[in-house]
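Letters A, B, C, D and E mark the chains as written, and numbering starts fresh at 1 in each.
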Amino acid sequence: MQRITREMLTSKAISLLNDGTVSAVLGWREGEFSYDLTPSLFYTAEDIEQNFVFNDFCGANFSKYLVTKTLGIEGKILAFLKPCDTYSFNQLLTEHRIDRSKVYVVGISCDGMADISKIRAITGDGISSISCEPDGLKVQTIYDDEPKTVSYEDAMAERCICCKSKKHVCYDELIGEEGEENPDCNRFGKVAELEAMTPDERFAFWRGELSRCIRCNACRDVCPACTCEKCVFNNPNSGAENKAPATSFEEQMFHIIRAFHVAGRCTDCGECSRVCPQHIPLHLLNRKFIKDINTFYGEYQAGKEVGSRAPLVDYTTGDLEPGQVFEREGM
Amino acid sequence: MDNKNSNLQAEIVRMSGVNPRKCMRCGKCSATCPAYDEMEYHPHQFVYMVENGELEPLMKSKSIYKCLTCFACVDRCPRGVEPAKLVEAVRLAVIRQQGKNHLKPEDIPPIVDEDLPQQAIVTAFRKYAK
Amino acid sequence: MQVNEYKPLIVAFCCNWCSYAGADLAGNNRLSYPDNVKIIRVPCSCRVNPMFVLRAFQRGADGVILCGCHPGDCHYTSGNYYTRRRMALLFSMLDYLGIERERTRVEWCSAAEGAKFAQTMNEFTEAVAALGENKRLEDLRCKE
Amino acid sequence: MKVSYFPGCTLKTHAKDLDTYARKCAEILGITLEEIEEWQCCGGAFTTAKNESATKLSSVRALKAAKDKGQALVTVCSACHNVIKQTNYTMATDAEVRMKVNNYMAPEEPYAGETQVYHYLELIRDVVGFDKVREKVVNPLKGQKIGAYYGCLLLRPNSVMKMDDPENPQIIEDLIRALGATPVVYPYRNECCGGYTVIEDPEFAGRKSKIITESAKGHGVDRLVTACPLCKYNLVKNGSEVPVVYFTELMAEALGVKEMA
Amino acid sequence: MQRIGVFVCWCGTNIAGTVDVKRVAEALKNEPGVVYSDNYQYMCSQAGQDMIKNAIHEYKLTGVVVCSCSPRMHETTFRKTAAAAGLNPYMVEIANIREQCSWVHKDMEAGTEKAIILGRAAIAKLNLNTPLTAGETPVTKRALVIGGGIAGIQTALDIADAGFKVDIVEKKPTIGGKMAQLDKTFPTLDCAACILTPKMVDVGQHENIRIFSYSEVTDVKGFVGNFDVTIKRKARFVKEDVCTGCGLCMEKCPMKKVPNEFNLGLDNRTAIYIPFAQAVPKVATIDPNYCIMKKTGKCGLCSTVCTVGAIDYNQQDEIIEEKYGAIVVATGFNPISMDKFDEYAYSQSKDVVTSLEFERLMNAAGPTQGTLLRPSDGKHPHTLVFVQCVGSRCEACAEKGKEYCSKICCMYTAKHAMLVRDKYPDTEVYVFYIDVRTPGKNFDEFYRRAVEEYGVHYIKGMVGKVAPEGDKLMVQASDLLDNKQLHIAADMVILAAAIEPDESARSLATMLTASMDTNDFFTEAHPKLRPVESPTAGIYLSGACQGPKDIPDTVAQAGAAASKVIGLLVKDKLTGNPCVAESNELMCNGCSACEKVCPYGAITYVDKEFRMPDRTTRVRRVAQVNPAVCQGCGACTVACPSGAMDLKGFATSQIMAEVDAICK
């Protein structure tokens, strides 16, 4: 498959900007480090030519930005969406959170994005620059004279390794080849592994993971399913208000409540785990719900179709009983 | 029902993929069956008897070699029971046993006339022998 | 009844139309069940937010049970069907986190099933009592 | 259009007409039939038992050969079509059989029922179109009253075969019409001729066939057409007063390629 | 801060026997907000209620907690008490310390402890209560009945007789429906026309009833008591108010080869037509698909012969809008198509007919004037085979048949068989059945008469194949009791086709936000207790649109639906349940989750302008709950991800407070 290059995107962006199709472009801008990219709006061709970045660290899911960015702007925004982003985008359309007419979607094919922590594990700390070369990522650290090469395969983010679909479920235009859904991606492997443990082992596992939470709210802030006008955790009347670490219930329950809130709506984009500074595998909570939904109520992929009825706002008279959940698994 | 029999019953049900409990005893399978008059036990009886574990008489009956596998009962059954598949499962339960081939190669020469398409022989072997 | 010093705290959410009435019937018929069962009345089992269940656990409940009308008999026609899905998923998640599955339960109980209500509460209390105090949810975050 | 072609054993011996005319007509209609190399007998009958995998292998080999060429698989014989189509359906829907067959055959890429299976008639209806056939007719069979004899294998089980309404099929009637003849609908066109039971109980098969040919005659049928060698055998053998030909032969007559056969 | 009074009831010894009521009252005194706490033998007695009233005045209470029996028993009583003392009735909470405490526990200590906790929970909840007022909406005193069959006719007559205005919308040119096509009716065998047509005349002449025939409902807005309905009156090209129904136009119309749908295509009618002699309204209609004038612009014969000048070839569809307080759905049923059951040769032989066609063939006003003749050759049939359950109880293939029992076929087949044998004793009549289902008054007796007095051959088994051979229909069937395959040479085969809801029902249900089951039958509000109401308030169900029904059941349900409508229309205002959901628009995401779970269609979305903190305005999609429609189940509150949706009287914060109080 042809790799998407920065030039392919910038030329598309500039031409759409020039012919008036769009009035702004949602893209990536360099942050503090070359691997630390910030989603940002570009309004001029010059800005794009100078500052638009596209490399293997463009993992951020743009769909959520569109909820707010499309407000108060004249004309359309051009958004480059990877296959996984299009699912989130569709889900937001389903929930009426984005006005479709305000967005010009250019689907870009994706072979998987890199994960800086995986690279760091190979090269060690002190990364000063990374460049994307044909044979891999050239990583320069402040401790080494020569850059180290990390293969794309070794650098690939966990969520991309078990990518559920390379297919764009929504776009106006496509750059690169259209891919396929990948039903054999084994994304529930780790969930199944946990399910096979004893309750004590599971408890120990989750306690170990969740104990590291510093309640920075990054997972919530990045989650494309979390676009509430007012989050329950910020709402004093919700009974779950809790903005900062405390010893109270809301804190411990934060991740469970959050996972339940997005259950049936989560497209499994994996952003929560990507941004977690403590590397808590939060996607394993969401995937548990997805796996359960698939087994209990039939395959359902949030965002696959606009307007689909999410499993939690639906039912059949023959649904299994909560008590049967465990019988069925033979546990 | 003794144990051996209930195992066999379960095996036949599993092999056929048929759920005999879906039958509502309308008899449309038997009304439809072109081989009805050749059979000692009729399609609806296959369903009923398998459900009740009365397998011996079925397995001994020549009825299992009379089903034409025309699938008319399968298509016309209002409940999707698929009696023909049960007949086949009972027949397989018989001919898979040692020495129970219903048709043996030595039976063939005298019955073949020269126009008979080999399709008939091939099919008969698949139906009557393992 | 077994003599047990430890009395687990059980919170029961009962829908107004079937289960709360069933609990009343249990009372009318003087069918006893442990006093550590405390009932909260909700209009329909579908009013029970998973947060309520978690809150109860966090505040010290040892078991939480939801009671609603039998499927197909919901006063609001479909409320308990939503409950069924929500709680199936929530309980499965709690189990996934290592919280004993015996601590959570959904039971359908009609206004005529006073005896079933009492029996359910007896069984559930006993099952929870056998587990001992609920520490896990509170402890989930705090590594020793 | 190029398609993979599975003739089947009988078409190589007793039913050469069915095969030859099928090839001739395909040529005229712009279809290239590429015979699958080293095909094996389909077995004549599909075994419905869920724990049968060996009897599915020959069909799967043919299906896989077509898949490897990226072609649809076409059959003319009703029995082959029934076996191959049912096998294909099972491979697509029954995970257990799929696993067993693939484990046994150990292909590079497992086969899971991907190949599109057509009966020759379906190919004509869905791909070529009866209008095209009508255009190509040189000897319209005007005034001939033709009865279609479907038998069982083309239509049933309908959930798998999905060729036509099993109780009121139209596909051969439409073909007959396209060839310029008049189709005659008679009630036993989808009833069984007695099939393979002729081996063991020829009299029984005879009775079944008789009902069909008598009914056709009673409805004023001049000729019967069929797609199945065994059906033809049974009908003819039991003294059909109405001539029985393969549908491909009828096509060949109308399309003007019969003499060349 | 609330000022709460706590009243602990002894209920004689019912509570006081196991609960130390004085200790409970004492303990609850110190709860937050409590300014008064006392106990009394019988709080529900006049003296007890006076005690509450006095305390409300004396201590300026803002809320009352009564620790007593179940709220299902006396909540209403104490709410009235509070209201009488000037307190909002929803500022009363009950702690159930009898049914759920004293009666089920034996130990005084444990009982007392629990009672205190239950009281505490009630106080915690009450602290967060706000006064609630039930909303009132006016009621439009007019009902709409959709469908003019026997169900719609009966409902309309009953409502109209009670003095309310009713409109009937019927899509056909006349009311009457399926019953008008029937010959005799079981189990009494009186003729359908004899009992139906007088009712049709009553409808036509009733001062409270308007008939919109040849019309369709195209849009419904509003809610219970206040529906706005758009009705399309299709152009019939005849002025309804001018036409006298003399029928001269029909005599002269040159286009006489139009399949007559009233006789199910068994004969023909003219392009301008009145469906049958007793039609109401008795007005001609031009069928534009066949009218030569409409198609070619040349003819105009009917216009020439019409003495009153009723013909108007240029008439256009008319759209009218009306207001209604209640809507009754009476859209009825149709027999399913027999296309997929050609093993019975329906498409191959004219002598294979459906039961409804058979009704017309037996009907004195039918195509054969009531003489039973075979459609193919007009000969008298001698052997008739009836096949039951064609397409009913058919689980295998959804595209073929229906999973349910059509309910009416057993009885009408017995009727047909009996009538044939009665009129033509030289016939042999066979009925193939799976089960004979005759639950109804005098039903089984009726069926037995068919067998015992009329000699109808009832055979347990099904027909597998019908083969038209010559002028006979060769029927191949099974006789399960005799274990035989039967071959009958029949002259006619009559198929008891399954019945299905009219195809208009699905789109109507969407307009009405009324729920349907998977078979497109309307769902009732409660299968046992509210069988004639839809879960959507103000929508009522009459007849077979709710499920297969015979005439007695239909008329009974029609009357029941009418009485429910009358019960609604007599009210000047509707008082709602104040414990309804409410959406906080500032927090609402507009995601539609609540709308999807609402069983009543009470939630709608509007685009609303909001001022943002930065002084800009933003249009957002927000949920709005119609309190007149909401029943207060709370499903939406949990579906709502942002917590914008809350339920008054059972607010999230209130239930949380109860949980906290119990788990303290």
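What we mean here is this: contacts are C-beta pairs under 8 Å (C-beta built on N, C-alpha and C of every residue); 3 or more make two chains touch, one makes a residue touch a chain.
None of these values were measured; they are calculated from a predicted model.
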Problem - Both-way neighbours, i.e. chains that touch subunit B and touch subunit A - result: E
Practice task
Identify the chain pair with more contacting C-beta pairs: D-E or A-E.
Solution key: A-E
Fill in the blank from the handout: Looking at Cα centroids only, farthest away from subunit C lies chain D
Exercise for the section: Could you pull out the chain whose C-alpha mean position is farthest off from that of subunit B? Expected result: A
Practice task
Name the chain with the Cα centroid closest to the overall protein Cα centroid.
Solution key: E
Problem - Distance between chain centroids, defined by C-alpha means - subunit A, subunit C (Å) - result: 36
Problem - Distance from subunit D to subunit A - Cα centre to Cα centre, in angstrom - result: 52
Completion exercise
Cα centre of subunit C to Cα centre of subunit D, whole Å, reads 62
Handout entry: Where subunit A touches two or more other chains at once, by residue number
Key = 238-240, 312-314
Fill in the blank from the handout: Residues of subunit B that touch at least two other chains are 72
Handout entry: Shared-contact residues (touching 2 or more other chains) in subunit D
Key = 159, 167, 191
Practice task
Mind listing each pair of touching chains for me?
Solution key: A-C, A-E, B-D, B-E, C-E, D-E
Problem - In the complex, subunit B residues that touch subunit E - result: 22, 24-33, 36-37, 42, 44-45, 72, 76-81
Completion exercise
Seen from subunit B, its contact residues with subunit D in the complex are 14-17, 34-35, 38, 65-66, 68-72, 74-75, 82, 84-85, 88-89, 92, 103, 108, 111, 115-128
Practice task
Going by the contact rule at the top, pick out the subunit E residues touching subunit D in the complex.
Solution key: 339-343, 345, 347-348, 397, 465-470, 474
Exercise for the section: Give every residue of subunit E touching subunit C within the complex, in rising order. Expected result: 70-73, 96, 98-101, 103-107, 110-111, 113-114, 117-118, 121, 515, 523, 525-527, 535, 579, 597, 599, 631-635, 637-639, 647, 650, 652, 655-656, 658-660, 662-664
Practice task
Please name which positions on subunit D make contact with subunit E in the complex.
Solution key: 159, 165, 167-168, 185, 187-188, 191, 215, 218
